[in-house]
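These are the structures in question, set out in turn.
Same chain, two partners: subunit A is paired with subunit B first, then with subunit C.
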Partner chain A sequence: MDFLISQNYVNYVCQCGLLKPLTNLYFCRHCLNLRCSFCCHHEVDSHFCRNCLENIPSSEAKLRKNKCNSCFDCPSCSFSVLSARATTIQVPMTVKEKQEGEESSTTTSEASSGKMVAKKMYYLACLACRYSSRDVGISDQASQNFCWPEQEYMHANRFNTILNYYQALVLHDKQVKQDEKRRKTTNKSKFQSMTDRTGLNVSAIRRQMGFDKTVSKPKNKPASILPSMTEEVEELSEDIFTKPINLKNITTIEQRFTQPANQPESVKHLYPQHKNLSIKRSIRCRHCEHNVIKPEYNPTSIKYRIQQFASSHVPEVRIIKCYPLMPNKSAFITLKLTNPTMNDMTITIMELPTDDEEVMMIDEMKKNFESLTVSSKSSLMRPSLIEDPRIVSCKPTAKLELPDSSFVINQRDDSAEFDDEIQTDKKDPKFVIWRKANKIAIELSITPNDLKVNDEVIVGFTMHYTYSTVPSTTAEKKDSQQRHALNARVYLNVGNIVDYSTK
Partner chain B sequence: MPLFETVFQEKPAIVMEIGSAYTKIGFCGEAHPRFILPTEIESIRDVLKKTEKNLYDQAVDFFNKIFFDYLLVSPKDRKVSFVESTITTPTLIRESFAKVLFHHFEVASILFLPLHLVSLSTLAIDTALVVDIGYKEAVILPVFNGVQILKAWQAQPLGGESIHDGIKASLILNGVKDEILSERVIEDIKVRTCFVTKQARAVAHRNNESIQPCPDVDYPVDGSDVIKIPGNLREFALEVLFPEDNDYLGLPYIIIDAIIKCPVDSRKELAENILLIGGTSSMMGIKSRLRDELRTLIKSEFYMDRLYIDDVKFHNAPSKPNFTGWLGGSIYSATDLISNSITRENYLKHPKIPDWIFYDGSSTRNQG
Partner chain C sequence: MSRNENKVKIMPKAIVCEDCIIQGDVTISSGCVVHPSAQIIAETGPIVIGENCIIEEYAKIHNRIQPESPDKPHILTIGPNNIFEVGSVIEASKIGEKNIFECKSFVSSDVEVSNGCVICAGCHLSGGQHLLENTVIFGKHCQQREALDRISGSHMLQLDFLRKILPNYHHLRKAKQ
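Presenting the complex of A and B:
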């Protein structure tokens, strides 16, 4: 089955010009076009921890620096999550416990040995690589959650000093600049004043007279901090020339980068790391700004609130059979088409657009989009951009003989799956081999170009299909079930040229 | 515009430093990057072989990963700061990144920050000789009173890549199979076993004097093979940064070259404020070795009478060397200076990124 699924033999052309299998495409119901993850807009929907499946509001996630409070990654192998292991230790009773103990000892005679009491303590351990929090000297904790000691960053204080200093400095400079500006603008009077000629202005006179209160004092410069001093360089220790090193105690570069702040060189400093959160993302069409994918908030649910997968709107093409391909000789291929919608579809198979037509299509698309953004006022402020549509990189290497007429595929009907009867009421053209429920098999003839042995044979066609918009639940649209004629460009990789001369 | 609007904004700006080997990403105003991950845009390593379209698609994939798998933010209407080496970043890459971020991700603004300049803000000084030893190359740029002295700029392909090539060649000579020596394995060997030796031992090694080599290491690969890493390789693998030949283009030489191209008055101050950044400068022993080499050079006959400096001194940034540049970007973006960035509206009007040689003030000017 992997052979059938993992290879992409049938590719559809997304609106942006990229070739993708149908399962990787979305279908925007509002612009009635195929979209892919490249030409859509991604957004972060909700944060959650993929280990404990806790939903974390985005404001809280920001506070926690996108880390989960209760789950830890193994700093040593970074494959698995650390799990809390319980041990019991004997601890002497505290006073309170003792009192309770004494009360109970009045009833039981054998309480004299109960000076020690068993207590559950927890430590973190990795089940994959045997790392444990005891290795780095974290003492066992009495509670399982939220109380593991945090690792401190040694430069944190110095950094905060520097940051505050620079913020104050930049603000100060800005204020000084604004003050200067104000002073300059007030001086620019239309009329020359007498005081200017004499070199005295109002503020100068006031200052001379001792009224300098209105003159704004220059703001105090922020107190400068101690700049970094050059330090004595650490010498290479002599030990390195004589003592063998133990690789097991030196961290690898991956282990160092799991802790970007400290980047420990010895495994003794590998502290448990808070697990990073994951996100659910929603995907939005850039053209009409409607969602094509919107997941449910609940992290335990894998369902969607909005899901516009192309595979549930666009007829699916599969290759059933292909006869041996030889250059310049016609061969038959059998294709199966499936209608995933609840309405009948009329399908016409047509030729692919030529290069010039493709360029024209792209131009038209751009124009349409521009007129759309100009007309809608809301997006005038922030015009959304589309990815520049591209010309399809794939070129067909075989000619397809087009069927002479169009055909109808029945609607999807889940109950029809159980019917054995094959509908024959419709007059089908010759190339239709069989039909069953919402599936149809057609046979087409292809002629590969002048290719060499083992070259890939690619055929392409434009599939013209009718699509009926599903009436939405709102009453106003109830009657307005519209039928649209849509196109999808399909490229099939039907196989390689076989070598017949040797047989 | 109110003064506090941008400083206390709701959404902190995203700060990125996309190096040729590793990408540092995080948010402004934080003391360290959130993630350091390998740069997955192949074209960055050899940009000339790829077309722009290819670079665009790869950048879209990579930024998708950054935004949705790591930082977990919607990039739309976010501010983004890039810390980059303004001189050595190819224009094609800057323009492609701007195009990807503005067109595909619709970010609000982009601020390009020169790596060498912003690194100084981590020290709260404004004069230093910044030595960036990265993966592809070592780039040296003196900054004096907050101004980059472009004339004295120096760069040589001395970095992680040349070290890796050296280690690989010497291991293959020792009979190790080529296929197990992936880039990842070689990097791991370099990081875990190699170091920069002392000057005296390096000189002795160069003169083929016999010295007691440091112990060999058995390095297991994939659980099946064991590579024996000779002590000589461990000790002298990083000597590629200190070549002694007639070109005089080793790391210490180009540092001195950068100083000598600066005005005499600034040299002493620059030499006493050296800052090492970049991933390769976190190798063990590289700082003390550089200091010794530089001190020898200063005292050498050739430079004695023309350099006029007495000593070299180094700074320690409050960070690991591989994200010092990022940290500078984080500090810069947390201040009000981020309002100087290129906004989306302006970019759509003039799709051009200002440059050293093409500076168009209109694209960065604020509206309103």
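Presenting the complex of A and C:
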């Protein structure tokens, strides 16, 4: 199954002009168009830790630097999550001793010192590479959660000062800009006064007189920070090239990159790393601003609240079989088309648009969209975010003999699988080989262009299909179900030209 | 086969299931547990397995004939407290004590394993080398790391459990001196 689906032999053209397999496409129910991840708007819905499945509000996630408080990644293999392991150790009664001492002062230290108490202590261990927090000298903890010592970073202070400086700088710049704007807008007053025209407004007079406060008021520019420059660089020790190194003690590049703030050189500094948070994201159509994908909020759920995958709306094309391809000789290909919707579909296979037609289509799309944005000013997004549609880069290298009539694919019926074969007495055209439930197999003939041996043969066609919108609310009548005629451009990679000379 | 079978020495208190394949001169010390369908094959010379070792299902300990010196007999001595997990293939020339060979690991015949080493799951170790004590081999690229001393006898609980459970469901080979 993976072989069939993961190889992208059949590609659909997204509205933005990119070629994608059907499984990577979405279908906007409101624009009735295909959308891909490239021409959609991605939004972060919620943050969560994929290990403990805790939901973390975005403000808190920012505060925690997008890391989980309680889960740790292994710094050594960065492959698995560290798990807390318990050990029991014998400790002399210290805590209890004090308690006892508080409760009754009669117990003497000699009586309790002899007692040993089993105490549970925890350490972190990696089950994949046998790393443990003891390796780097973190002492065992009495509690399983939260109290692991935080690692201190060498440059933490420096980073904070830089961050503060630039935040202050941004604020300062904003203020300056605002002030300028204010001055400009006051000048462009509707009612020009006489003093304005003569250049003698109040502030100008003030300036001339020399006690202007607003203009010469010094802006408190943030104190600049020292550049990070070290005057002296330590010389390399002489034995650096002669001393044998122990690779076991040196971290790998991957290990260093998992801790960008620290980048330890020795394995002694591989401290447990807080696990990075994951996000749930929703995907929004950029044209109509409706969601195409919206996951459920709960991190434990993998379901969607809105899911508009193209594979459940657009007929799927698969290649069943293709005869050996030779240049300028016709060969048959067998395609299987599946109707994923609950309504019958009428499909017509047509030729791809020519280059000029494609340019015209794109122009029309742009125009449509511009009128849309003008009409709805309340749009949340800037139109600049919308990707310009482009011409499809893929060019077919074979000619497809189009079938002379359209055909119908039956609706999807989950119970049909269990029924016996029911032959519909629809008179199918000749090119239909078989039909089963919501699937149909057709045979078409293709003629590759004058290609060399091992060249890829690509066939393309426009699939014209009828699509019925399902009323979104039950209050709507069944009559409101509308039928649309939609187009999808499909490119098939049917294989390579065979070397017939050797046969 | 029958001649070889006779050479197998199983010390008392060792638990060796009948379904395992033991060929050649193999000595299994007391306290060992050999699961069904484990393989211990002594081709070049005898294999001596120390006390309290666990040899799990489909693990294969092989004392193979070296192509460069086929006539030289070589004794494969395995120290006490080793664990050979499911599907590991061990052809090492010498094995110390307290080592763990995880699932599907492979150790070739020119490797000497000292004490307290761990070969993590799926790691293939080949090429002449001597593993220092407490070395951990892990990851896709068989990285090496030095671990702390492990507490000895950490697998005693597992051994006790196996000694109790295995005789209930499997025929055992009788101890032979």
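One rule holds in what follows: the second predicted complex is superposed on the first by the 379 of 503 C-alpha atoms of A that agree within 3 Å, B and C clash if a C-alpha of one lies under 4 Å from a C-alpha of the other, contacts with A are read in each partner's own complex, and residues count from 1 in each chain.
The rule is short, and it goes like this: a residue touches a chain if its C-beta (ideal position, glycine included) is under 8 Å from a C-beta of that chain, and two chains touch if they have at least 3 such contacts.
Note that the coordinates shown come from a computational prediction; the quantities given were computed from them, not determined experimentally.
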- Partner chain(s) touched by A:150 [first = subunit B, second = subunit C, both, neither]: neither
- Message: Taking the superposition on A as described, I'd like to know which of subunit B and subunit C A:267 touches: first, second, both or neither.
- Response: second
- subunit B versus subunit C, judged by how many residues of subunit A each one touches: B
- Message: A:65 in the overlay: touching subunit B, subunit C, both, or neither? Say first, second, both or neither.
- Response: first
- Mind working out whether A:129 is in touch with subunit B, subunit C, both or neither, as first, second, both or neither? second
- Figure out whether A:77 sits in contact with subunit B (first) or subunit C (second), or with both, or with neither. second
- Message: Applying the document's definition of touch, where does A:450 land relative to subunit B and subunit C: first, second, both, or neither?
- Response: neither
- Message: For A:41, using the defined touch cut-off, is the partner it touches subunit B, subunit C, both, or neither? Pick first, second, both or neither.
- Response: first
- Query: Looking at the overlay, does A:356 come into contact with subunit B only (first), subunit C only (second), both, or neither?
  - Reply: neither
- Message: Let me test your reading of the model: by the given contact rule, A:253 touches which partner, first (subunit B), second (subunit C), both or neither?
- Response: first
- Would you mind listing the overlap between the subunit B footprint and the subunit C footprint on subunit A? 247, 252
- Message: For a test of understanding, state which residues of subunit C touch subunit A in their complex under the given definition.
- Response: 118, 120-121, 135-136, 138-139, 143-148
- Item | Residue ranges of subunit B in contact with subunit A within the complex | 3, 7, 22, 24, 26, 29, 31-37, 60, 64, 67-68, 70-74, 76-77, 102-104, 106, 121-125, 187-188, 191-193, 195-198, 201, 212, 214-220, 235, 272-273, 282, 284-285, 287-289, 291, 313-320, 322-323, 327, 331-332, 334-337, 344, 348
- Query: What part of subunit A is in contact with subunit C in the complex they form?
  - Reply: 76-77, 79, 128-132, 134-135, 247-249, 252, 267
- In the complex, subunit A touches subunit B at residues 38, 41-44, 47, 61, 65-66, 153, 155-156, 158-160, 162-163, 165-167, 169-171, 174-175, 225-231, 233-236, 240-245, 247, 250-253, 256-257, 260-261, 263, 276-279, 281, 382-385, 387
